[in-house]
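In what comes next, chain A is part of two complexes: it sits with chain B in the first one and with chain C in the second one.
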Partner chain A sequence: MTQTELTTTAAASSAEAPPPVRARRRFSREGVTRLLFVAPAALYLVLFFGYPVVKNITMSLQEYTTKTFFTGEAPWVGLANYQAVLNSNLFWPSMTNTALFTIGSIAGQFIIGLALACYFKRRFPLSNFLRSMLLLPWLLPLIVSSATWRSILEQDSGILNQFLGTFGIEPVPWLTSPAVALIAVVLVNIWVGIPFNVTILYGGLQDIPDELYEAGALDGATGWKAFRHITLPNLKPVISVVLVLGVVYTIKVLDIILGLTNGGPANATQTLSIRSYQESFINFEFGVGAAFSNILILISLVFAVIYLRANRRAVDE
Partner chain B sequence: MTSVETAVVHVPAHRNAGKERNRSAGYTALGILFLAVMLFPVYWMVNASLQPSGNTLTASFFPLNPSFEGYARAIAEQGPNLVTSLIVSLVTVVFSLLVAAPAAYALAQFRFRWVNVALLAILISQMIPGIVIANALYAAYNDLGLLNSIPGLILADATHAIPFVILIMRAFMIGIPTSIVEAARVDGAGLVRAFVSIVLPISRNSLITAGLFAFLFSWSDFLFALTLTTTDEVRPVTLGIYQYLGTQVSNWSAVMATAVLSSLPAIALLILAQKYIAAGATGGAVK
Partner chain C sequence: MKNRKFTLAAMTAIAPLALTACGGGGGSASSSGEVESLTVVDYYNNEPDKTLVQEAIDRCATELGVTIERETVPGKDLIQKVLQRASSQTMPDVLMLDNPDVQEIAATGGLSPLSQYDVDTSGFAQGMLEAATYEGEVYGLAPTANTLGIFYNPELLEAAGVEPPTTWDELKTAAEQLTEGDQYGIAFSAIATYEGSWQFLPFMWSNGGEETDLTSPEVAEALALWKGLVDSGSASEAVINWSQADVKDQFVAGKAAMMVNGPWQIPALQENPDVKFASVQIPVNEEGQTSIARLGGEVWTVPVTGDDAKQAKSAEFVECMSNDENQLALAEARYTVPTKTALAEEYVAKVPEMESFTEQVANARSRTGQLGEEWPEAATVIYNAIQLALTGKAEPAEAFEQASAG
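Up next is the complex of A and B:
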């Protein structure tokens, strides 16, 4: 859609454009001004996105520690940092945790988000108001959500265990037992991500023409059948965008985990981004931290490619 | 023809109007229940912030005897941090809009050959994990003396905002008819004048949406607060909350009061500027 718009605008304005000679002169006079419109943003993107990516690559090949900040020396060590990462006994657990955290969060957010989006698609009094209020968890600072959930999940005094206790369920050590901590962190992250999923999926549902449902109803496709044969196929491009963006946003989550468990207990909630943070800013092993974050970038990149493909398909359709 | 059909359908429906009304009331009730479950943690945050003892063990379900001890302590301990967050966020908004709005216009309306490449780069920049940026900025800031400084935080926080602002404003500006700007150009206005006096006023709504989100992104920033400040001098409130959580939490009411104060911008904007927030929520992600 965006692309067609772009070409139409371009075509329309070139049709109105003054004779070529004048246009060329104008362009050369204006060329600089035009570039000045993009120059600040371009410079910013290069300095604050381009440079960090390059710097992370070089850092990961250096012995970059606290000493570096005093002496200015960061000896090249080849792939030693990557070797250290692969040999560390936290590497595979953190890979697994990243995968479990991401898959669990996305599955929960998506299923609940889709259900809510479908629910709010019906028109009923207050439906729009209620739906927009749902956005609140998404707009709160993540560290605020972590703090709130930490009080809710407290083993002895938290409201969740008190609530479960009324059904005779023993207090669950949500954040203090290595066996359940990851589940607790995933549950909180699902809560955080639901609004985003509802919003995007609701937008997608709005774009499905009502006629399709009317035609389907004539053929006897209502309820679940209509959902399977009309809603899902038509929502597919939006679904792929939501899922891929979800993955890209979830694998880099730091605030929620740091706020809830700090990667503990007993490293049960270590993920790649927690590892990267702790290597760099707790152990001051910037080289190792950079190696971890480069692995993270590599994974993001794969999903970025998938996203761009999915998005292009969504745009084309 | 459609109206005839609807009329036909509506005749029997009319007889069931009462039933119909009950049904939609049922939908509303269930919708309220869903919302209540989703927003329960927010309620609990407010409730816990008003508990007198500061200990959730004795927290009652309703703050029947609200105590503002938690708030007094929160303001005493976190007041300066709240001010720091506010300053950083406001300047980040101004900086982000100044940098991103002209670029958004250029990408929407100038016929650059590399527009698609630029858009791709911006999309990808949004996917770069923040920890990557923090790793590199820490070293660079250390050399430049920008650690523990407000300008340093502003520049870093703008990474949350600038790509988003460019994309969302471009999506809007692409719809501005070229004829409007051309007319001004014929009257002798330069590119910059046309941009400032015509494009920006037309784009008011998208500027507001972009600005609000830039504020929320920066206000919520935790990663750069955590990595690029090391002393108490410059300390955003998100880091203040994290430090409360670092030790065994003994006084929940102060923590929750700080959390409530940190949530005020989001809550206020969601209620007062719902239209703009809704526009940003859908606009930034897919388009």
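Up next is the complex of A and C:
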């Protein structure tokens, strides 16, 4: 959802920006045409993003339970739902987990993704084939990958522990120890996120002209030096987009955690999105669930604004 | 670049408009004259249950002279589906609900009490009626019920010289003796969902624990039993992630000599002819205590649709689904227990492997009998406490207090 939201907002904002040519304002036919072009996007935004967001905000101010669906009555309770969220013992742990999960996932995805993108920059036999194979995690439904990972990470008979066992490593309680579970979930999410990072970063690398490297090589900038002084600076706009989008995608991850640990063991992998889901669809406290998700939206919004700014700057350049 | 974005935006804008045109247009209810068809929603979306229940539905359709339009949804989506249909005023004429959900939905005023239609509710197991009762009115009938017991592999027990356990002490020793190599003595589900709470209840109740007072020593003792089994290595640490289906898989794979599970797993167990199994009741803490199991099973209800003639017909349908013939047929085919207690003897004669479960059902309690709508909250506290204790984050005695704090 966030993805489409962002692209459409991006599209809408660039649509609204007046074209630099013929800066004189004309409200005549051209203006109307412009409006008509914007209208479908605007209508779409209002219907599919405006309405849910407004509904979610009003819901978080109501006592919205199973009864509401039958009677249509949802009494206003002011900020009581937010109070319930802030007072719940799981709020701060889930905030911390959301932060750790996001930072851990992004760091891993980005570093591995960048390394792989640089690796594939060189052409070698089967490089195209291998690069497209890398997309596999992206193509699998997340429910399938999380179920598969669950059996891989199974403590007694999972193949990961069997493999580690051949090196004499004791079975790791990947999903059963509160101390390890979050790490396991982050590892799986890194695996899921690598294709996205590779694809975007690889695209960015293709745009860096080879002449720069040739010129750099003449001045003695090869290998690591070339990477630091040529690749990184030229890749900067792409990197900032990848990172910010990554944060927005990762902060709301639900299915992977749900499939792997369901927020457990002993609430060790509770995040804001898991809280929101469980309050809404397990405890049927839709108001409290909405309050949790609004907090999440607020956090994503900060990053969305950063993304839009970075994007605008990139376009301006 | 900009042009492409325009096209994209325009395309994404138009797609949903085209899609929304396809919605709606369901069957419209005629509120006068003969009732010719009824709509039914249930969650038996997997074989063999889907077909077996269809047979019972067909029998009732013929008996009542109506055609039935049936929709099956996955179990975990049922309540969401119900809420959606409630808000769009398109409730089915007959709705199947898992028994712990009945009171929650009845409390919304979305179901009609069966007393309105002179449905006979006598002769049903007390626990099942309690589950379907809200504020003194019965809202639904269940043809069959299920419960939990201990399944064991008789070959393994014989080889180890172990008798099927009847008390907690026997359970502990048996589990310990049966643990060797990659085979655990016992498997159970302590997962952080209602399944985990449901598996814990028979141990808690048999020991005198109550969901109204979860911080009592009786409840803590039951938790200490589970923790002991995991700590001593008789059960895997992974139990905190196992659903009941996972537990069954462990048993079938020979990785557990005993398991806590329900008779609905019997068809799956029979698919593996190499796997031998038998069952006993859930053991009690001290001799003399009665093993009290928790009652499972689905209840057929009549939602309020505003069409009186159809609602009356639906009540007849619900009654028919629970008549003697259907109870026995469904119970026999699905390894569940008839809810009319008078049928127990006839049933056990037909399906002897269900004897221990049939006994359990007579004593079984419903999850919601005491707490009603408050049950989901208690169930959450229970599975959270189990998780805290089994992962070593809290002692069994303190786990419930910590979990109740939210």
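The rule is simple: the second predicted complex is superposed on the first by the 272 of 317 C-alpha atoms of A that agree within 3 Å, B and C clash if a C-alpha of one lies under 4 Å from a C-alpha of the other, contacts with A are read in each partner's own complex, and residues count from 1 in each chain.
Just so we're on the same page, a contact is a pair of C-beta atoms (placed from the backbone, for glycine too) under 8 Å apart; a residue touches a chain by one contact, two chains touch by 3 or more.
Note that this is a predicted model, so its numbers are computed, not measured.
In the superposition on chain A, A:264 makes contact with chain C only, not with chain B. Of the two partner chains, chain B and chain C are each touched by A:41.
Look at A:176: by the touch rule set out above, it reaches chain C but stays clear of chain B. After overlaying the two complexes on the shared chain, residue contacts for A:66 are found with chain C alone; chain B is out of touch. By the touch criterion defined above, A:154 reaches both chain B and chain C.
Of the two partner chains placed by the overlay, neither chain B nor chain C lies in contact with A:222. By the document's definition of touching, of the two partners only chain C reaches A:88; chain B does not. With both structures placed on the common chain, the touch criterion links A:282 to chain C but leaves chain B unconnected. With both complexes placed on chain A, chain A has more residues touched by B than by the other of chain B and chain C.
Common to the chain B and chain C interfaces on chain A are residues 10, 12, 14, 37, 40-41, 44, 48, 69, 150, 154, 156-157, 281. For chain B in complex with chain A, the residues that touch the partner chain are 24-25, 27-28, 30-32, 34-35, 38-39, 41-42, 44-45, 48, 55-57, 59, 98-100, 102-103, 105-107, 109-112, 115, 118, 120-125, 127-140, 142, 155-156, 158-159, 162-163, 166, 171, 174-175, 178-179, 182, 190-192, 195, 216, 219-220, 222-223, 226-227, 238, 241-242, 244-245, 249, 252, 255-256, 258-259, 262-263, 266-267, 269-270, 274, 277-278, 281-282, 285-287. Against chain C, in their complex, chain A makes its touches with residues 4, 7-8, 10-12, 14-15, 37, 40-41, 43-44, 47-48, 66-67, 69-72, 87-90, 150, 154-157, 173, 175-178, 261-268, 281-284. Touching chain A in their complex are the following residues of chain C: 2, 5-6, 8-10, 12-14, 16, 79-80, 83-84, 86-87, 104-105, 107-110, 182, 191-193, 236-238, 240-241, 253, 255, 376-377, 380, 384, 387-388, 390-391, 393, 405-406. On chain A, the positions that touch chain B within their shared complex are 2, 5-6, 9-10, 12-14, 16, 30, 33-34, 36-38, 40-42, 44-45, 48-49, 51-53, 55-56, 59, 64, 68-69, 116, 119-120, 122, 124-127, 130, 132-152, 154, 156-159, 191, 194-196, 199-200, 203, 238, 241, 245, 248, 251-252, 254-255, 258-259, 273, 276-277, 280-281, 286, 289-290, 293-294, 296-297, 300-301, 303-304, 307-308, 311, 314.
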